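Below are the structure tokens for one structure; questions will follow.
The chains carry the letters A, B, C, D, E and F, assigned in the order they are written, with residues numbered from 1 in each.
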Amino acid sequence: MDAIHEQGAALGKSEIRSCFDSDTGTLDRRVFADEDIYNLELRNIFARAWNFMCHESQIPNVGDYVINYIGEDQVIIVRDKQGDVQVLLNTCRHRGNALCRAEQGNAKSFVCSYHGWNYDLNGDLIGVPGLTAYYRKDIDKSQWGLAKAAQVDHFHGLYFATLDPDAPSLHDYLGDVGRVGLGLLLAQGDVEVVEGVQRNIIDCNWKVAVDNLFDWYHVQYSHASAGIAGFMDIAAILHPQNQMVMLGEYGHAISGPAIPQDKQDFLDGLSDEERRALAANIAKESKGPPPPIRMKAAKELLGPVGVRSMGHPNIFPNLWVSTNGTQLCLRLPRGPFETEIRWYTVLPKAMPEDVKRQAIAFNTHLFGPAGMLEQDDGENWSQSTRASRGVKSRSYRHHMAMGLGHDEVMVDPSGQSRIETTISEHAQRWLYRNWMDWMAADSWADLKEDHSRVPEGRV
Amino acid sequence: MDAIHEQGAALGKSEIRSCFDSDTGTLDRRVFADEDIYNLELRNIFARAWNFMCHESQIPNVGDYVINYIGEDQVIIVRDKQGDVQVLLNTCRHRGNALCRAEQGNAKSFVCSYHGWNYDLNGDLIGVPGLTAYYRKDIDKSQWGLAKAAQVDHFHGLYFATLDPDAPSLHDYLGDVGRVGLGLLLAQGDVEVVEGVQRNIIDCNWKVAVDNLFDWYHVQYSHASAGIAGFMDIAAILHPQNQMVMLGEYGHAISGPAIPQDKQDFLDGLSDEERRALAANIAKESKGPPPPIRMKAAKELLGPVGVRSMGHPNIFPNLWVSTNGTQLCLRLPRGPFETEIRWYTVLPKAMPEDVKRQAIAFNTHLFGPAGMLEQDDGENWSQSTRASRGVKSRSYRHHMAMGLGHDEVMVDPSGQSRIETTISEHAQRWLYRNWMDWMAADSWADLKEDHSRVPEGRV
Amino acid sequence: MDAIHEQGAALGKSEIRSCFDSDTGTLDRRVFADEDIYNLELRNIFARAWNFMCHESQIPNVGDYVINYIGEDQVIIVRDKQGDVQVLLNTCRHRGNALCRAEQGNAKSFVCSYHGWNYDLNGDLIGVPGLTAYYRKDIDKSQWGLAKAAQVDHFHGLYFATLDPDAPSLHDYLGDVGRVGLGLLLAQGDVEVVEGVQRNIIDCNWKVAVDNLFDWYHVQYSHASAGIAGFMDIAAILHPQNQMVMLGEYGHAISGPAIPQDKQDFLDGLSDEERRALAANIAKESKGPPPPIRMKAAKELLGPVGVRSMGHPNIFPNLWVSTNGTQLCLRLPRGPFETEIRWYTVLPKAMPEDVKRQAIAFNTHLFGPAGMLEQDDGENWSQSTRASRGVKSRSYRHHMAMGLGHDEVMVDPSGQSRIETTISEHAQRWLYRNWMDWMAADSWADLKEDHSRVPEGRV
Amino acid sequence: MPHSETLTVAASYANALSIQSRIELQFEIEQFLYAEAALIDGREYRAWLDLWTDDCSYWMPIRRTVTLSDIDKEFTKRGKMAFFDDDKSSLTMRVAKMESGSSWSEDPPSRTRHFVNNVRVVEVGGNEMTVEVAFMLYRTRLDTEESTWAGRRVDRIRRVNGALKLCGREIYLDQTLIRATNMSTLF
Amino acid sequence: MPHSETLTVAASYANALSIQSRIELQFEIEQFLYAEAALIDGREYRAWLDLWTDDCSYWMPIRRTVTLSDIDKEFTKRGKMAFFDDDKSSLTMRVAKMESGSSWSEDPPSRTRHFVNNVRVVEVGGNEMTVEVAFMLYRTRLDTEESTWAGRRVDRIRRVNGALKLCGREIYLDQTLIRATNMSTLF
Amino acid sequence: MPHSETLTVAASYANALSIQSRIELQFEIEQFLYAEAALIDGREYRAWLDLWTDDCSYWMPIRRTVTLSDIDKEFTKRGKMAFFDDDKSSLTMRVAKMESGSSWSEDPPSRTRHFVNNVRVVEVGGNEMTVEVAFMLYRTRLDTEESTWAGRRVDRIRRVNGALKLCGREIYLDQTLIRATNMSTLF
């Protein structure tokens, strides 16, 4: 393994602050290939942030559980007997064994396969073999329940958890931009996750995958073959004249196409029936599923600016709302050089069966390791990561200056602010600026105090 | 790889002393998942301790050799021309190449496959191609023999070696408890190793495997299926009412079932013939091989307390005397996250052929990777090790307090002390207490001075 | 992974200077098994030295390229539109993606598969999609061309590159011994590389492979089987009575058989035709290709001493001129414990087709992973490397004292100096002495100032 | 088809045909599947495509690590998410993609090797039959990328004017978490 | 059976039977062994057990890394330590274990794939025959656990009232040090 | 032979022979190649050598990672550098080397397993035929060394007084960079 800075040198804040230069929009490659930086990310970012766990529809019944991760800590997300969702570290308090080895399932309680300690669905230790005979009753079960996430909350059924008791509430953590980002998924009404999460490992640093989600620039070249093959009209999805960027506190952002104001005004004039009719018509011509024309209610949820967004939100640090709000993509760190990708398809419950089937088929072919688009991403990411390691190669900073200094932040009367521009890298810059804030902070108190404010004016 | 404490931070003694808390019986998980701790273990434990090499029956003839390890140092154990057993580092003094690549065999001398340096079976350098022509006779062969273990000794044919010249004699190192532990293997008279050592790699820290050997608690749950399948009566082997723990200096311990004093008194009254008859009868009913009813001589060897032990001894650091004294299990460290397991079957030479065959079949099916019991251990151990790595998971200490403070050390007139109790974790606590002593010591002198004394009174 | 010295301890110069002891000819094994030493090698040796890139015949046409490495930095060696050879880091300046994934080929320009940045064959950034629309023309293309090697030069078509602008010229870097070394390849006139580079990974430290190239001592024993099988007369190729060693500044060396002075005088008397005739005759008897009897011109190139050399040159750090000057072997570091081996066959253009075919067949069977000789080297090297890791094993220094203090450096009127001796280890000692110079130097200025001078008198 | 029926079915159909016919059928099918594999490994994607009927289905569900109590959930069902859920037109798109000249994931192209093992004709009905195969797909890319995919394949083969065609393929991969950068190859 | 005799034996038995009969036998045996593999991979352990005769033996000796001079010691002999040394009753126990509902090593169950290759009938005598196979067993567990076991298998197959049964299996694994947490699977 | 012709050729030769003869030929060749593999894996190198004609050729070119535009350069050509470019005499030398008693790379000997898969007779002419195989060679050494080599093999088989002999083998390995310390084994 390649060590970028001298082995064992402590990682100073100034060193961290030097990684990204907001003035020139350049990034030090070491952030992708350094063991120490990676270990610090696990502590300062993943162990502090609100991490996406699952959607309620994945665990409808008591005892239903799925396995997910907070950084590299494995957690069980389970619906307990009160019907509440619990987030429990998947490690027995006795000797650390994993309670669940399946990635999903239903359990009456969690019995450890090593010595049979038995935990209730809410994590309480309810059974200890030999409690009397061997332990002579001398163990305080209340002290040895499963470790829980410090806070668990959900946004319209999308569950998140944080390991840090000092983290702000989920609502405050998301802020307007985070809520709009998730809102794009909810704008069509109640949703449910379709059976089947596509999972694969890409040998790239997790941030390479994350900054790519804002990267509308790569689409035309990386994914040209999908266009040529007739899978989709690549050029048509870019809308370079109508791109909008929204930046949120703590690193959330949305970047991508937006509905032009005039078109939005027209839509605002339509009733929900008229909108559905319109969508149906468009669907007839277009390949792929019907366009996500939003219903009236969406404006409430997304606000006057957010409602226009057709872009890609990232809920910091690693949750991408994708595919016109019908997919979620999670990027889980697996060491500095590997990332686990998870694709969830999330559709409105109200969506007609035939449209659903069409959407599922489309999503199946779009992303995931065999996706017509994504199969071309992986090697670019792994090669970018790989080239962050060579003694000389790593000395060249990434260029991330597209549009830097050319745009203006506009604030809507509603208070929602955005940048209306063409394809740009404002969101990527925002990502790494905030990454430095998180990495340099000693605690949530520190981070709340000292993090980048949403820019105003020229950017 | 996960670094638990800050990269490159020196590993202080206070840090080590904090790993296990004897008062609460809790263990810091970092001991299972830290590169620095592991490297220190190789230096402070394995390079100092007396390590099991082989039994004399494995190398009966001049030139017979087997390969084994001291930590990660590979050694050749060979019977030299004087009939003495030599323990030689398996690395050529010229350029370091391995002399032996086979895991066992017979050699007239050790000729290196790189340049042909030739070493006598006792390690002396006896042949150097081109000594005159190329070296102009200018090499002092006496200085370039194979490196040898600092001390080699055996206990009734069980060979051990240490790399540390300052280590105490094997006899003193073992102490009474170590000698009793090995004695359980010898109590039926002269033994020999059966052809075939089962070897496999389990992705767990070596200590997880070692503390498990004292772990009579896991048997009932982990190995329930072996009972249901009818392989053995799991409940019947536990004898929770008659468990005995013996603790020895430097970390040796024996824990498990014991023959009740009254039953022992009865046995003491029997002649050897009567004992054999008794064993034969029991064998008829029971599954598995005949019970190891000991002969009169055993009491000499084991003492009045040891003779009652039917438990599991560990010769610190990593040799388990198992299966009623018919198997040895060695746990060799292979990095913090992997352990090589070796199973030796050791039977009394005098054992009748048919009984031998029965015992061999039983041992084949019991442990080893395909064993009816052991196949269920591996994944518990690897998951316990794995969960020692997550940023949050590793912050929860293992619970190892079973029976803590509830038992009494009893000292026999003979001087042998033991704890008579039910299933407990006294031995595991002793293991980690001593582990800290070894890790914190700067040398054998230091360790002799400053190590835990065998407890007296309440434990 | 094993850390030899304490994790993260800075690697002091005195520590480096202690690795090889010139007085006793012994080497500290840590040089083969230490992450920090390895990382320092990448910086202080490979990033500073002139590294072999390719021969001009591998890229005859504009756009022809091959991939090679400088340490672990991947580079593209390409012939640009001016016909010049460029050495470019194979990493896009935008986001670091690799421009070339093929190991050889022909390109009109280098278009990145991620976002389509387009670089001219000389590395200039000539195309940026969306330069106007997305970048608003705000990017200085002249600043974002591909990174280039600091210096590129060739010696008779053999191309080398260095990443260090302060490195001396290739001519001065090679010095007389380096030029003679390469000259052995060129002594038969213009050469070309035969299609097909044999590449494989050996799990050994790169230096173990490099010091082996001087190692005429191992041939007789390691490769005995090739002799027995009748592939070649092993004894006959050693010429122990006529070995010659030439040592050059910065670590270059040539070691191996030499043409006796009287035989050389006789050859000097022959015309080129007579020499060819002589070679043809010898070829008739011998197995293998005709002996490389040199033409008159060779003496110009090699000088009166060099012309007599039939030995193995190493161009520091890792280029071996082998097989009587018909093969080049490159040893590329892949971490402390792995090395990529590359075999190039290089033949005189003028060589008759049938002789060429014979030489190619011979080279195919000689080295490479399936070679009659080389297949026996790999495991010796990997075992030597492996034994540099054990806590105890690594404490024994390699013996490298063959001939130490028994020979004399002779200086020819021409100024060429050499040691005439039998099989010896002068060259290996020179290698590690210079390795220390390189590792301890802070810069080229420092190294020029403070490096071992070619010895005189007794050695 | 649930394994439990494997033997019975095989047996029942065995009775239906003479051993002679079964051997000939076995030979014909094995050679057909071997040739098909050779076309992919030889990168003859267009020729490979011609082996498929227009109404074909090519499906690889997602496998999950589940306990025995949830074993029925091991694979996703039809109509749910999958890794491949192709018909002739989407297969054609995949081939067109590889021929497009800008299919970066396959340029340089992968080196694939399809091992078609344990071929069992488990059902013969009219002009269609069901064939089960234990497959291994070994892929290398660039210098060091290496992937191995193994699993069970259920092929539907139809006789169309004498020639054999593929009309269905179900690929039950052994892996749950795909240990590869992509699956840009054909199974 | 020592390899050296492989060809001769094969040849000699070849002479004994017409090529027609040999082809039919080959087909029958291959299909039998493929179906057997499918039962394990399909986790039909009870059905798999029924393929074995009551007097069967199932044996995997321990292989050691030895020099050519000690090559006769490469495998442990019968009656010495082994990895498997089973008869019908112990095989039954293994199956009972997996059905017990508390066989943690197999819950979640492994995904196994048995590749039965290079099938050679090397001996036919009366109603029994000896079959040699080059096998590969590929196993995945959980997200990332992956094991590959390869080696030579010598099966004894007996015809019992028309049906084929397994009466013996010798498994000569290629590995000496088993690179896996356990071998909780059937070979 | 370029893959593109694979099917056609196979077809055309199919027409030339009755299915009966093709099945017999297939059986004979498979058994021959399986036995050959068993000889190597059984370390019967001398007996293996006898399977080769005196005019045989045994060739493994070097594979390179190239773009589709340079795909014709993927393998080195005859007469250029290769990994193996043997005739009977050099094969004999390789065997002699392994028998020499000082062939350290094979003492302790490797454990090899040759998987001969997807056997296809692609050409029959006179007393010679061309057979294509998808092979996997799995090797372990010592405790932990493990190598897997896969690829396409094109064998030339000749009938010499009734018996089959190998007169040619082309080994098209999938790897470009060989990920092993050596290739001291036979393919």
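Convention: a contact is a pair of C-beta atoms (placed from the backbone, for glycine too) under 8 Å apart; a residue touches a chain by one contact, two chains touch by 3 or more.
Bear in mind that the values here come from a model prediction, so they are computed numbers and not experimental data.
Between chain A and chain F, the least number of touching-chain steps is 2. Taking A-B and A-E together, the pair of chains sharing more C-beta contacts is A-B. For the two copies, chain D and chain E, the CA superposition rotation is 120 degrees, given to the nearest 5.
Of all residue numbers used where chain E meets chain F, under half belong to both copies. The two sides are thus made of different residues.
If each chain is reduced to the centroid of its CA atoms, chain D and chain F end up 26 Å from each other. Computed centre separation for the pair chain B/chain E is 34 angstrom, with centres defined by C-alpha atoms. Chain geometry summary: the mean Cα position of chain B and that of chain C are 48 Å apart.
Shared contact sites, meaning residues of chain D that touch two or more other chains, fall at 23, 65-67, 101, 104, 108, 115, 117, 136, 141-143, 176-177, 179. Shown for chain B are the residues in touch with two or more other chains, namely 7-9, 101-103, 113, 222, 376, 379-380. Chain pairs that touch one another: A-B, A-C, A-D, A-E, B-C, B-E, B-F, C-D, C-F, D-E, D-F, E-F. Interface residues of chain F, counted against chain B in their complex, comprise 104, 108, 142-143.
Looking at the complex, you find that chain B touches chain C at residues 7-10, 35-36, 39, 42-43, 46-47, 70-74, 89-98, 101, 112-116, 129-130, 133-136, 138-139, 144, 147, 163, 335. Within the complex formed with chain B, the residues of chain E that make contact are 60-62, 64-67, 69-70, 73, 76-77, 79-86, 90, 93-94, 96-98, 100-105, 141, 176-184. The part of chain A that touches chain E in the complex is made up of residues 101-103, 113.
Within the complex formed with chain B, the chain C residues making contact are 1-3, 6-9, 29, 208, 215, 217-218, 220-222, 240, 376, 379-380, 383-393, 396, 398-399, 401-406, 422-424.
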